[in-house]
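Can you keep this structure in mind? I'll have questions shortly.
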Amino acid sequence: MDKLTGFEAFDEVERLIVVAAHPDDLETMCAGTIYRLAQKGIKVFSVNCTLGDIGTQEPDFTRPVLASTRLAETEAAARILGIEQTYNLGHHDGELVASLELRAQIARLYRITGADTLWTFDPFWTGQIHPDHRAAGQAALDAYMPSKMPLYRPEQLNEPGACLGCLEKVFFFSTAREPEIFVDVTAQYKTKLAACVAHRSQFPKGEESLEWMKVLDQKSGEAIDTTFAETFKSIRVW
Amino acid sequence: MDKLTGFEAFDEVERLIVVAAHPDDLETMCAGTIYRLAQKGIKVFSVNCTLGDIGTQEPDFTRPVLASTRLAETEAAARILGIEQTYNLGHHDGELVASLELRAQIARLYRITGADTLWTFDPFWTGQIHPDHRAAGQAALDAYMPSKMPLYRPEQLNEPGACLGCLEKVFFFSTAREPEIFVDVTAQYKTKLAACVAHRSQFPKGEESLEWMKVLDQKSGEAIDTTFAETFKSIRVW
Amino acid sequence: MDKLTGFEAFDEVERLIVVAAHPDDLETMCAGTIYRLAQKGIKVFSVNCTLGDIGTQEPDFTRPVLASTRLAETEAAARILGIEQTYNLGHHDGELVASLELRAQIARLYRITGADTLWTFDPFWTGQIHPDHRAAGQAALDAYMPSKMPLYRPEQLNEPGACLGCLEKVFFFSTAREPEIFVDVTAQYKTKLAACVAHRSQFPKGEESLEWMKVLDQKSGEAIDTTFAETFKSIRVW
Amino acid sequence: MDKLTGFEAFDEVERLIVVAAHPDDLETMCAGTIYRLAQKGIKVFSVNCTLGDIGTQEPDFTRPVLASTRLAETEAAARILGIEQTYNLGHHDGELVASLELRAQIARLYRITGADTLWTFDPFWTGQIHPDHRAAGQAALDAYMPSKMPLYRPEQLNEPGACLGCLEKVFFFSTAREPEIFVDVTAQYKTKLAACVAHRSQFPKGEESLEWMKVLDQKSGEAIDTTFAETFKSIRVW
Amino acid sequence: MDKLTGFEAFDEVERLIVVAAHPDDLETMCAGTIYRLAQKGIKVFSVNCTLGDIGTQEPDFTRPVLASTRLAETEAAARILGIEQTYNLGHHDGELVASLELRAQIARLYRITGADTLWTFDPFWTGQIHPDHRAAGQAALDAYMPSKMPLYRPEQLNEPGACLGCLEKVFFFSTAREPEIFVDVTAQYKTKLAACVAHRSQFPKGEESLEWMKVLDQKSGEAIDTTFAETFKSIRVW
Amino acid sequence: MDKLTGFEAFDEVERLIVVAAHPDDLETMCAGTIYRLAQKGIKVFSVNCTLGDIGTQEPDFTRPVLASTRLAETEAAARILGIEQTYNLGHHDGELVASLELRAQIARLYRITGADTLWTFDPFWTGQIHPDHRAAGQAALDAYMPSKMPLYRPEQLNEPGACLGCLEKVFFFSTAREPEIFVDVTAQYKTKLAACVAHRSQFPKGEESLEWMKVLDQKSGEAIDTTFAETFKSIRVW
């Protein structure tokens, strides 16, 4: 694996949209890089497709209460990271489907955020065992093309500030399909941990619940001789 | 309209299941009669098909928070009325569909509650303008037949206490299609109002927000020369 | 209820298609009239939308075995009644949906049988508690219009002998919505019973299991001063 | 049938939305009354749910060419009648389904037109044999309630000029379910015919192809002692 | 391709669930290994998603009769192999879809069998041309995660003996995507052939119809210097 | 990448069916090879799954008008290339789904064309960003198996000239997943360009709009030391 690049892969980003499946996906997988971008003044828009409403082993949660909790945790984490705005598409956790409706919901966000860059789950990674992750990535990728066509869901273009989809770059996270971008997030790691810990319902013991993530990020760090790194893969779009 | 009957129409009920669409449907439409039944020792099971999660004009609610609030209000009202158990089927408000999935969810409840009597919305009333009401009534009626057949969703019969559907009587509420049962609920009206007021998110001014209901119940009361009545229509099943 | 008519309502029928939901629907509801028509040389085509594969209380049937049994029973009954051909659309019992696919399946049969007359369940009868009956009737009615349009599923018109839909008359059975056609089937009743009894899986005690039907047909018979009658309702089509 | 009313039933209308299924539905069923309203300065918005793309017996049309033709005919007719704006929802003719997607498309139009009054097909008329007509009427009625709730498809409220659904009155056309409004359109009949004839693909012989409509309108006219009338039925909404 | 492992890959298996698409998939692809496991006392649960009801070139089968036949053949083969229990999910052959419903059906079986190990089709193998195989493998993999969450289809957990999903290992069969497990089944081959031949409807000439399978298994055998082998690929789950 | 083959890969083709997503897919991706085959007398059948009805940046097109235009352009291109017949499956551009309905539509064409060879999009190429391309390829591949089974959609076999699916070879185009067939189309390039330019709505500046294609084909040409080449990948079927 040669020709690795680092943070400079995102030099031209001005408006970034991140399409994830559950509250805490963005945080655990790319909070460090997001924080670096936000610090540079880049606008970051966070999209969670599901409410995360089965994400607990605690028997005393109802699904709506869990969903409410996780929406609040998402806002708290977003404030820590400097995220411009968060969106939740309201689907049920564990049952996300890359439907035409989800595609249209995501295309709308490409149009109203005017994002130039997309990050999402790699829908093609054959090690991805979470169906919601695959569905989110697939729908996000599939929304790319139609979002650029004026006759696709034209009412979306009426919303204030909306424009034709103008994404120019697409990157995948959560992939072992030969990622080629390794971003050093050592200096941001404390902030990443804080954003993750804001998801208290997921990590009830705080940092202690996040050992697995540190191990992953350390392993990525080794590839570029640093302590912690996050990884990405680009896909050529046209 | 002759041959009206009253509370005696429910003399043989031992286990009643009520299938409604939203939190507060049961309370506003039949809480008085339910309270009379519960006082007699009848087991009453309450089913709401949706979360009621668009039911507000207040702009500061998110849908999951509203849903959580309404689940809690439903429990409070159920305690006032002496309802045995409440179920919420988790569908989104304003988008209930009488799908095969909803049918199966309801059939399961017929089987595990062992109810002998069903109350639900009249799916055939041509004045019904709320699509969720129609969908709830339709699915509840459509679940009647299959619930009695052992080869329909047989796994439901494995649950503890489950039996083949044993509904024997079906009644509709919320119908102007010549209801023939008028139940005097004058003595229960204070309790009915309390159960309704428990839905604070819906009736923010308490009893004052329920004038419309009192008018309806008074008009029904006139038909049997009492102050307040609730009305029902039976459908012959086989 | 005046202006009743009798068997003459079907004087102009040459090719009749009957769309039912389950094996034994046609037989119990209109076998007498069908036999009268078949005796006259009318071609009768029988369509069952479902396999009838939950139709038993016997725990030792699997669904495919029950379906196989009922297909065979349908053929036996058809031979007794002189039915030209039977079709089964393969849907699961208890879960029939008036989908576009079902509509297309039925429209195809209108086109390849060249039927001039349709009999089906009354989808509008508010006493109909079996969802499959309503779905069959609805889909059969909804297929009427499109079957007449060349641009609707045009490949159907390629099949040998197929023509544009040429239904001219539509009648409903299984309705208490003021049926106005009462057909005397007293002379055919023995044959009707034989056709029903051919559905041994449904009527394991033979004629004894069919007392309910005899009661219904006798009650219909009273309206026209005969022993047994079957009833129908016409709907104006254009 | 007493207590008939006439054109005064629409005295309070200021913004009218008409939801039909096919190009030419609005024109043949209510063009006279629409023209009367438009002459008074009422804003009329016309919605066709389908493209009308199987509506021909001519074998040399493809579906897209037929659709294009009918869109143009709709515009021509709208100019004759003084209709403010036409919308086509793009569904295929003969296959309209009262889906959640159609409901949302229609709710959006309630919100962006700010209509106070809805006219649509009577979804409950048991003589309605065209499935598209029933689907259009059902979806239009089912969109009424959700369109008034801020948490239902909230993005629709971002469009310029959009407001919460503010429909106050709903009327059905194409119904024999005891219509109680009979509007004299004798003085407008020439214009009605012109608007219909603009649908050349449907009425290739011009007025001669419209004899059936004249018969219907004359029959309605008889009820109020005039030459031509159009009929409507109101439904109470809340 | 180094680091091949053999039967020891399954050393820790105690309860194995095999999710296939059609009767005879399990037998032709892994009967040898299953027999070895069953001989060791491992509980093996067999799941077929479809009825296999288009699986014949014989024109005299109806679909239900073919389905019935294949269910019986499956039981016969299961007895030969020592399989604990078989399940058939009732879907139609040639039309299996990795729907949420199928996912839930499979998750339920993970929960009520208490399986620790899953074998299924590799949904990611790009040489897989049978859509049912891909759908079965996809749904089986996608059911893994939700089956472990208490708020996912919680009613499944009420069934006697049911527990939260406790799968710990997942393996794919029918894959050329670098399988790394080669199990010597030479000693079990006679039994494997017997189990396959039990599917008489599929292999009407008995062993002669199974030459293709022997060729495949021999080719796999060559990789580990034995006569016959079956191959698997593991996927890391968490 | 060794063992490249050329045009001889298609030596045995007699009847070729090409399943694409949009008008102009076939032309830009394989018109040269198709023209070579047609010149040899091979029958070529072209299938477009969608109408291509969002394929423009021009704001003055309606979707039906664009669709009509593109159907005509497809016919013009087909005449240039010597294509036997074109089919359009009528789906909306940007929203193609590999549904069971699409599978059946394509299987029908395998059966009525009697094609021995299929070309379609590679559904497994992880660089494919257009969802319609993936859907077309997936559905075309998934139709292969069922088309060969008599009990799958048996009515299709009634059409004149229809036979059981007899595809023997499947090839993918539009793939960077190690294509191994490189066809020299230098001598056919003028014709390829003419067929592409026939899609005037897509390439308003004629050949100038097709520079990107020439670059691709030149790059493919380099691999076999010629000016222009088109590439394919075979998949083993059974």
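Letters are used for the chains, namely A, B, C, D, E and F, taken in the order the chains are written, and counting of residues starts over at 1 for each.
One rule holds in what follows: a contact is a pair of C-beta atoms (placed from the backbone, for glycine too) under 8 Å apart; a residue touches a chain by one contact, two chains touch by 3 or more.
This structure is a prediction, so every number in the text was calculated from the model and none was measured.
Looking at the partners of subunit A and subunit B together, the chains they share are D, E. Copies subunit C and subunit D of the same chain sequence form an interface built mainly from non-equivalent positions, shared numbers / all numbers used being under half.
Against reference pair E-F, the listed pairs A-B, D-F or A-E yield one interface repeat, A-E (criterion: more than half of contact pairs the same by residue number). For the pair subunit C and subunit E, the distance between C-alpha centroids works out to 42 Å. Subunit A and subunit D have Cα centroids lying 45 Å from one another.
Computed from the mean C-alpha positions, the centre of subunit B lies at a distance of 56 Å from the centre of subunit F. Counting only residues that touch two or more partner chains, subunit E has 53, 63. Each chain pair that touches appears in this list: A-B, A-D, A-E, A-F, B-C, B-D, B-E, C-D, C-E, C-F, D-F, E-F. By the touch criterion given at the top, residues 51, 53, 62-65, 67-68, 71, 90, 92 of subunit A touch subunit B in their complex. Residue ranges on subunit F touching subunit C, taken from their complex, read 101, 108, 155-156, 158-160. Taken together, the subunit A residues at the contact with subunit E in this complex read 53-57, 59, 61, 63, 66, 94-95, 97, 126-127, 129-131.
Those residues of subunit D whose C-beta lies close enough to touch subunit B in the complex are 100, 103, 124, 141-142, 144-146, 149-152, 170, 177, 235-238.
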